[in-house]
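Got some structures for you, see below.
What follows is subunit A paired twice: with subunit B in the first complex and subunit C in the second.
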Partner chain A sequence: MLWVDKYRPRILDKMIVHEEVAQNLKKLVSEQDCPHLLFYGPPGSGKKTLIMALLKEMFGPAAEKVKLEQKAWKIDAGTRTIELELAMLASTHHVELNPSDAGFQDRYIVQEIIKEMAKNRPIDSKGKKGFKVLVLNEVDKLSKEAQHSLRRTMEKYSASCRLILCCSSSSRVTEAVRSRCLNIRVNAPSAEEIVKVLEFIAKKESIQLPPEFAARIAVQSCRSLRRAILSFETCRVQQYPFVMNQAIPPMDWEQYVSEIASDIMKEQSPKRLFQVRGKIYELLVNCIPPEIILKVKLLSELLKKLDAELKHEVCHWAAYYEHRMRLGQKAIFHIEAFIAKFMSIYKEFLIATFG
Partner chain B sequence: MGKRKTAVVCSTSPEEDAGRKQGSRSSSSKSFAAARKRTRGGSSQCGVGEISDKPPSRGAEAFARLSEDYCECLQDFPSTQGMQCSKGNELWVDKYKPSSPAQLAVHKKKVEEVKNWLRERLIASKEKFGNHVLLITGQAGVGKSAAVRVLAAHMGAELCEYSTPTPTLWHEHVHNINSGLSYRSKLDEFEAFVEKIGKYSLLSSSNAGASRKATIILIDDLPVTNGRVAFGRLKKCLTALTRFAQLPTVILVTEYHRTDNVPTSHFEELVSLLERAGAYKVAFNRLTVNSIKKVLSHICQEEKRELPSIQIDQIAKASCGDMRNAINSLQFWCLSPDNLLISYVSNSMDINSRVLSDSNKLSPIVGLFGHEELNCGTDFSYGRDETLTLFHALGKFLHNKREVMDQIGLELESLTLREKFERNPLKMDAPEKVLSQAYGKARPVTDFLHENVLDFISDGAIDDTWLVTSYLSDADCLLASSLLSHSSQKLTEMDDSQRVSQPVAASVAIRGVLFGNKQPLSSRWHAIRSPRLWQIEQSAQHHKNKLMVERFYFSNGFSLSLSQMVTDYMPSIKWLGSHTTDDNGHEKLIQCITTDLIPPADNFSSNTIESTFREKIEDDEIEDW
Partner chain C sequence: MAEALAEEKILSRYAVEIDGDCMPVTSPSGDRVYAKMQTWKMGVEGLKKTRTEKIKDGLLSDPISDVIRKLDQDTFSKASLNNRESSSHATQLTVPIASEQLWVEKYAPCSFTELLSDEQTNREVLFWLKQWDSCVFGSQFRATTDDVVSALRHHSSAVQHQKTSDRRSFSVKGITPFSSQYGKPLKALDRHSDKVSSFSELWSKKSLVDPPHEQKVLLLCGPPGLGKTTLAHVAAKHCGYQVIEINASDDRSSSTIESKILGVVQMNSVTVDSKPKCLVIDEIDGALGEGKGAVDVILKMVVSDKKNSGEKEGSCQKSLAEKNPSKKGHKFATLLRPVICICNDLYAPALRPLRQIARVHMFAQPTICRVVNRLKYICHKEGFKTNSIALAALVEYTECDIRSCLNTLQFLNKKKETLHMFDIGSQVVGRKDVSRSCVDIWKEVFQKRKPKREKRSANLLGGNEDLEHMYSLISSRGDYELTMDGIHENLLRLPYHDPMMQKTVRCLDMVAVSDLLHQYIMRTQQMSLYVYQPPVTISISRIVARVEKPNIEWPKSLQRARAMFMERKDILKLWQNKISPIILRHLTFQNFAEDFVSFFLHVLAPPTLRPVALHLLSERERDDLAKLVNTMVCYSVTYKNSKVEHLQGPQNHGATSDIPMLSLDPPIHIFVNFKDYQPVYLELSLAMKQVLVHEVEKKRILLKSLDRSLFASRYRKGSNIDSKIAQNIQKVATAGRDSRPFLFKYNEGFTNAVRRPVKIRELLL
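This part shows the complex of A and B:
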């Protein structure tokens, strides 16, 4: 088992980061009435860990006994029936799924599942009707229609089921849904917190971790705890005992993107664009989400090397094409348009400054 | 006739349908009867042409005898079907069949090539020649069979044609089964025929009398195959034919237009297969307008009809190089000469043409406009719709040929654009029209343009590149809006806005490419690639599905989102996998994950789309359209 999973805190009391949030959640559950919850925060900040711990707090160890179901749904949508298959993790008390996997048909899934869960709700030991919890991941990727239907069903079936929504950015969740939930912001852990976690793991694994090295890992992880632990483990495999100037292996795709960025900076021509296209294809084949390529990595790599006066314009175009990418169908068209635009801007700049 | 016989009808005249020239008809019927008699003898030495497909059972033989008698009776009647049309208004296509090599409309060199080939084989048929198969390809109506017939007659050779058996109807089949006959597919019969040719060709020529003429076998009609297995059999059969044929054999293959919804790769496969097997290939090119015009005016003379030359010109143009179509059109046009409308139209056209020819001299641009007007104004009620291959159309878009500037500056004074928006007029029809001729669909066309356009932009023009890519990005957004209805596979539900968005997207993509590429590279040879994107999407989808399934097992009961998995987990796992560890637990996990999750790299390259499209593209040169 990877360390990320091995040292994931299972109960709210053992949380190292977000202790305060964990305590609040505990209080919330102990009062028996739990509202719908919306967790949001950057990737690697511990949302899912919190949710799992919360579920355990609510239902005891039964919540941990999950099994994978590949469930086929037959949904009657007026004129036709839609058949969908969706994988979900389910225990006796909760169901967890990624409705956005269903693509544009997500709204049917959301409605149908909640309806079904409301139908057969569990009865607790005292004969009182309990509730089931539905964990929905990546709510921000749901379509507008799905979010609307989510809103209605949340109200209708709130007696029998609770929703826990999880997303990285709350801005893409509609106001209506947000206002019906208790919003819980999960911050990205600070470098100190990450170091604390790394030291905790080092102690458990009985590894000597020099504090400077831990700090370096923390910095390079971009405040993602998951990333930090993963690279800690790779470093451990790479070389142990640690040396001071040990290189921390970067993610291979990130390295690839920075290669692309330097390609773009070096030459601006259709031919180069064509080569770059081939490299981006490589990334897409490996399912790296195109938004992440464009926004998170490529842009920041380019900005690093860019003259200050161009930064604003380049950011503008990156945002423009990221939006386009959401509207459009094939990401490569838009990424390429952005790169072409960047090349054009950059070339103009080079000619203006150096003649 | 209940019993169908596959027989090869021997005839010296170019056509064997009981039709016209009395002399040739009687001779052909004689040979026909002779052939029959031989079969009746029940000998195993059948003539070249014959395939006796019946089992040697007595009942069948008796039946065959009956049917033969019946046939002979039929032939004593003066022609049955041919009669009605032979009374004066025979189809001109048949009436004016070429009778000498000089009359053939096909290019002389090609005729000469075929002729030489045939002569070599006929004279030296005793000697060992490597191959005895000639393959003639060409569009419908260029005169492939006409050429072979004329040349055979010219050289005094006898032409034996493999006539395809008439297809069986279902109730006939039921009837046959009841009477104890088993069904044989056309392919079976063709196979049997090929086998016979290989075995008996020499026998027959020695058998059928001393002063027998040289024989040429003509296969005009390859059996239609459906599915891989049948096609494989046909291929095998043809290879055998080219290897073992001992008489000169001519195979005609009609070239079809490649549109994306008709799987015509069979045609190419067959041709390349035959060539590989050693057949000599002659490709008949499309007929030129001039050669069609020559034939048409010749016919007009013969028929003593006066047609304005512009008329003939138009018919010739509208026929798209299809002689048969052109002659039919001509006959149709001349059907009712008293029709006032026609004379009116032709008059007006006369004037039109005069104006045109004048203006043509003046400036090429007016000529261009005039031409367009002509095309839309006097649309024919007949003639073939011109089609283009998709590659042809793409070539037009990508090469982006334009009129030379200068004169236009004066002409279009009223319409002043800023310099950066100015472009020379296109050297083609409206892009939408070209696209519709190629039956292009928006999505594939956009993908093709996206894949290939970068090759056509001159090297320094990065601004143009951006312009083109931004238009393609627009087109993609437009296409995405029609995605929903597409994937629900209910085209009827598609509402109007979506139906419009498809062609609009195509238009944006094409015009974007045309407009954006300000200084296209001078035309040189370019292969058009099929979009690599398709292949990428497929393997990405494949990969994704795999990950989707695996991700739940990944971290015991803790579901990860796909992007987390791909961006964080996978790289570290891959990395860990590449460095051996002393930690056993690690290794196991990593091994099981890496073997399951990371598809081998060559998975990507061995893709079905790739391989099928490669072939299509390799031989599709778009140099100069």
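This part shows the complex of A and C:
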């Protein structure tokens, strides 16, 4: 097993990064009850790990015995029947699912399936745990309609069911849903925290980890714990014992984006834009989300090479096009529009400065 | 217009007696006189007068050119073995002016020479049909005999001559009832059609070679009203077929249509004199779901045809030898009769498979003057007053749709109105809701109209007619998403001049706006907002349109990207089903692609591993290997044999491609194989991979057996502690087993206790 999964803390007490949050959660469930919860935070910060540990705290080891189920549902929606298939992880006490997988039909998932599950109160042999937990991932990707129907469900079946929602940005969860939950923010771990985790793993694996190297990994991981641990293991596989100036292998897609960025800087023409389009398609095909491409990587790569006076304007346009991309449907159109805009600005700048 | 006026002083038996221009006139009885020619500006009264006078005098019921045509036809029909009855002339002369019939039907062309469509297309269609002759009639193409050829030459030259001299070139012959030929025996008919078809000598030469008939289906496509159906019918009749038409009004579900098609295409009628059938499937693109039935059946037949083409060829030869065409090919569902499919939109999705196997003929618009001539002739026949400018305007307005022209004219005739060229827009003229194909729209967007035409239309209907035209074009097509995809796809390859990228920015902004609008409409279901889609397209057109002809491609990349995206997702899904849920839960698609895959590939390919026997490895190496195998098992990754895929890497020589390649089993490495990008991760050597495959397999079996024994022991003992002990024992046992290289699988529960020999005799008793 990879270290990411091997050294994932299974109980709240063993949390290294979000110790405080973990302790609070522990107190919260000590009376065998909890409100609806909404975990939010950037990817790789440990939301799911916290949720799993919390479930274990609530239900004991039974929560860990999960199995994957592919369930097909038939939903009667007025005049037609909708057939949906959804993968879910279920134990006796909880169910995890990803309702946004259903795409535009997520509304029915929330309305019917969750309601159905929430209705059935589990019967415990000891008769004390009278509620079931539903873990919904990626709630921020749910459509507005689905979120609205979620809110009714949360109130109506709160006696028999607790919802744990998990998302990366709470701003895309409606106010109504947020106010019905206890919001728990899970920060991205700081570099020091990441180093602490890496040292913990190194100790367990009995590896010599120079602190400078650990710090470098932490910095390069962009505060994502998952990425940090993965790259740590990669370095270990690549070369051990570590040397001082050992290269940390970059992510392939990031490398590709920076290639695209340098392509853009080299030439500004419709023809070049057409080549770039092909490359962006490549990224999108390989499941890299368009927001990440535009905002996180492409913009920062471009900014690196820009003059200070242009940075402000480019950022403005990136935000503008990202907003439109989220409103629209075909991400490629908007990314391309941004690149064209950038090319135009940059070319104008070049001509103004160098004549 | 020249009109021969019969007056006492002008008419004479001798040309000498007339001063000025004269013209020979032959009466029906054969008397020949000369008439003085006078030019008349045709007024309304003048026309009326001449007509009444003409009838009164009974000298000529037809204009002179028609008479010449008749003569021509006479010689022609004599040459073609008198297979035209003399009564044809009589019918021709006494055409009743019956207004009950639709003009469209009344004046539908019945013979090949009368067709309005493009000459080239007509000939090619006919040629295609003739290629069936060897199969259907069992006869080769014949070279035409000399006298016929000469007659034909004469005839065609006459036609040619008339084309230039007389504006009503193709008018007279059509009234000859074609039905008179139907009673003729097959052979004569065949010959006749052969003659007619071989208008040019080149053809008859070509037909001797008898080229292999490759495309078994003919697909005619083009906008409505150009005469596709008419061409199919006329050509088929010409070649001696009986036309069976299946059109949109018939039941076109695939089961009924199959029997129908088979009936037409494979059977021969029992009666001797019946003609072979030719199937015309009209409006094949009409209904998507049901129209597909016909396409499927035809496809099936063509495919089966290709399979046993060799056999069929043989049977063809045989039948040729026996001169008995009716006895062949009933065994397989092959295509033995010509099939002509007609559609409006060549790019309809249902037609995609058909397009590849059929011979496709696009119908071009006939020239305006050709249509106008025909219209003029009809108007004249019906006694409807028009002038050619108005007719030309009408033709242009309806985009050469002769059907709609005729309907309009008939309507106006009924209303006793005249056609004025300035009213065409405002009059009740049936303007069609033409929905053009997407390709046409893209062309229209990217290509500026010819300035000449623009000017003329500006004169006609005001300055922004161009805009209006574009708007109606785009909105009548309706499929804005596809339209925009096409624009997006082709935009950057256009040759517009844009040094500062400003045009590009504006265009792409517009494309994005269209996308936003579409998404908004879909979300809020406010369909009325769709009216804002065409202006977006028009504004793009205003920015980038050039006069040069753009090279337009169908927008595939977006669809392809989508399909590949789904494919990749499916790969991941399949893979995730195999991983244990504890790991799976933290591995969403996004996480996988963003963070996981690059590092995972690195971890899977450590550079320190050496492909040597296990006992030669050092302690640490063995440890590393064990860890790697463990990881691979946990994430259910292995290597498997894959077909040789040509990596474009320069280090791959041709020699290595013969060796079987081992690639990762859930092919996760494709997630970093971007185009024009060399992934950073290391590829293991083949030997190492083989070692790993073996080890992983071993480990898996071990784990499985461990699981099973755990399971069994738990149920046997029932207590927790016991199972733990058992587990420990098992561990020891497996460790012991590890040291030995053999794995033995024992199948429990097999017994042959119930088997005993039984004799038949015992059973019978």
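The rule is simple: the second predicted complex is superposed on the first by the 351 of 355 C-alpha atoms of A that agree within 3 Å, B and C clash if a C-alpha of one lies under 4 Å from a C-alpha of the other, contacts with A are read in each partner's own complex, and residues count from 1 in each chain.
As a working rule, a contact is a pair of C-beta atoms (placed from the backbone, for glycine too) under 8 Å apart; a residue touches a chain by one contact, two chains touch by 3 or more.
Everything quoted here is computed from the prediction, not taken from an experiment.
After superposition on subunit A, the partners subunit B and subunit C are seen to clash. Shared-chain residue A:Pro241: touches no atom of subunit B or subunit C. Once chain A of one complex is fitted onto chain A of the other, the partner contacts of A:Glu259 are limited to subunit C, with no touch recorded for subunit B.
After overlaying the two complexes on the shared chain, residue contacts for A:Arg80 are found with subunit B alone; subunit C is out of touch. In the superposition on chain A, contact of A:Val285 is made with both subunit B and subunit C.
Of the two partner chains placed by the overlay, neither subunit B nor subunit C lies in contact with A:Gly60.
Applying the stated contact rule after C-alpha superposition, one finds that A:Pro35 touches neither subunit B nor subunit C.
Looking at subunit A, you'll find residues 1-2, 4-5, 8, 43-44, 48, 52, 64, 66, 68, 87, 89, 96, 98, 137-138, 224, 226-227, 230-231, 233-234, 237-238, 249, 251-253, 268-271, 273-274, 277-278, 281, 284-289, 292, 321, 324, 327-330, 332-334, 336-337, 340-341, 343-344, 347 touch subunit B in one structure and subunit C in the other.
Considering their complex, residues 1-2, 4-5, 8, 43-44, 48, 52, 64, 66, 68, 79-80, 87, 89, 96-98, 101, 104, 137-138, 224, 226-227, 230-231, 233-234, 237-238, 249, 251-253, 268-271, 273-274, 277-278, 281, 284-289, 292, 321, 324, 327-330, 332-334, 336-337, 340-341, 343-344, 347 of subunit A touch subunit B. The touching residues of subunit C, counted against subunit A in their complex, run 488, 491-494, 496, 498-502, 504-505, 508-509, 511-512, 515-516, 518-520, 522, 557-558, 561, 564-565, 568-569, 572-573, 576-577, 581-586, 588-600, 602-603, 606-608, 630-631, 634-635, 670-672, 674-677, 679-681.
Across the complex, subunit A meets subunit C through its residues 1-2, 4-5, 8, 43-44, 48-49, 52, 64, 66-68, 70, 87, 89, 96, 98, 137-138, 224, 226-227, 230-231, 233-234, 237-239, 249-253, 255-256, 259, 268-271, 273-274, 277-279, 281-289, 292, 321, 324, 327-330, 332-334, 336-337, 340-341, 343-344, 347-348, 351. For subunit B in complex with subunit A, the residues that touch the partner chain are 447, 450, 454-455, 457-463, 465-466, 468-470, 472-473, 475-477, 479-480, 483-484, 487-488, 490, 493, 532-533, 536-537, 539-540, 543-544, 547-549, 552-553, 555-564, 566-576, 579, 581, 583, 585-586, 589, 604.
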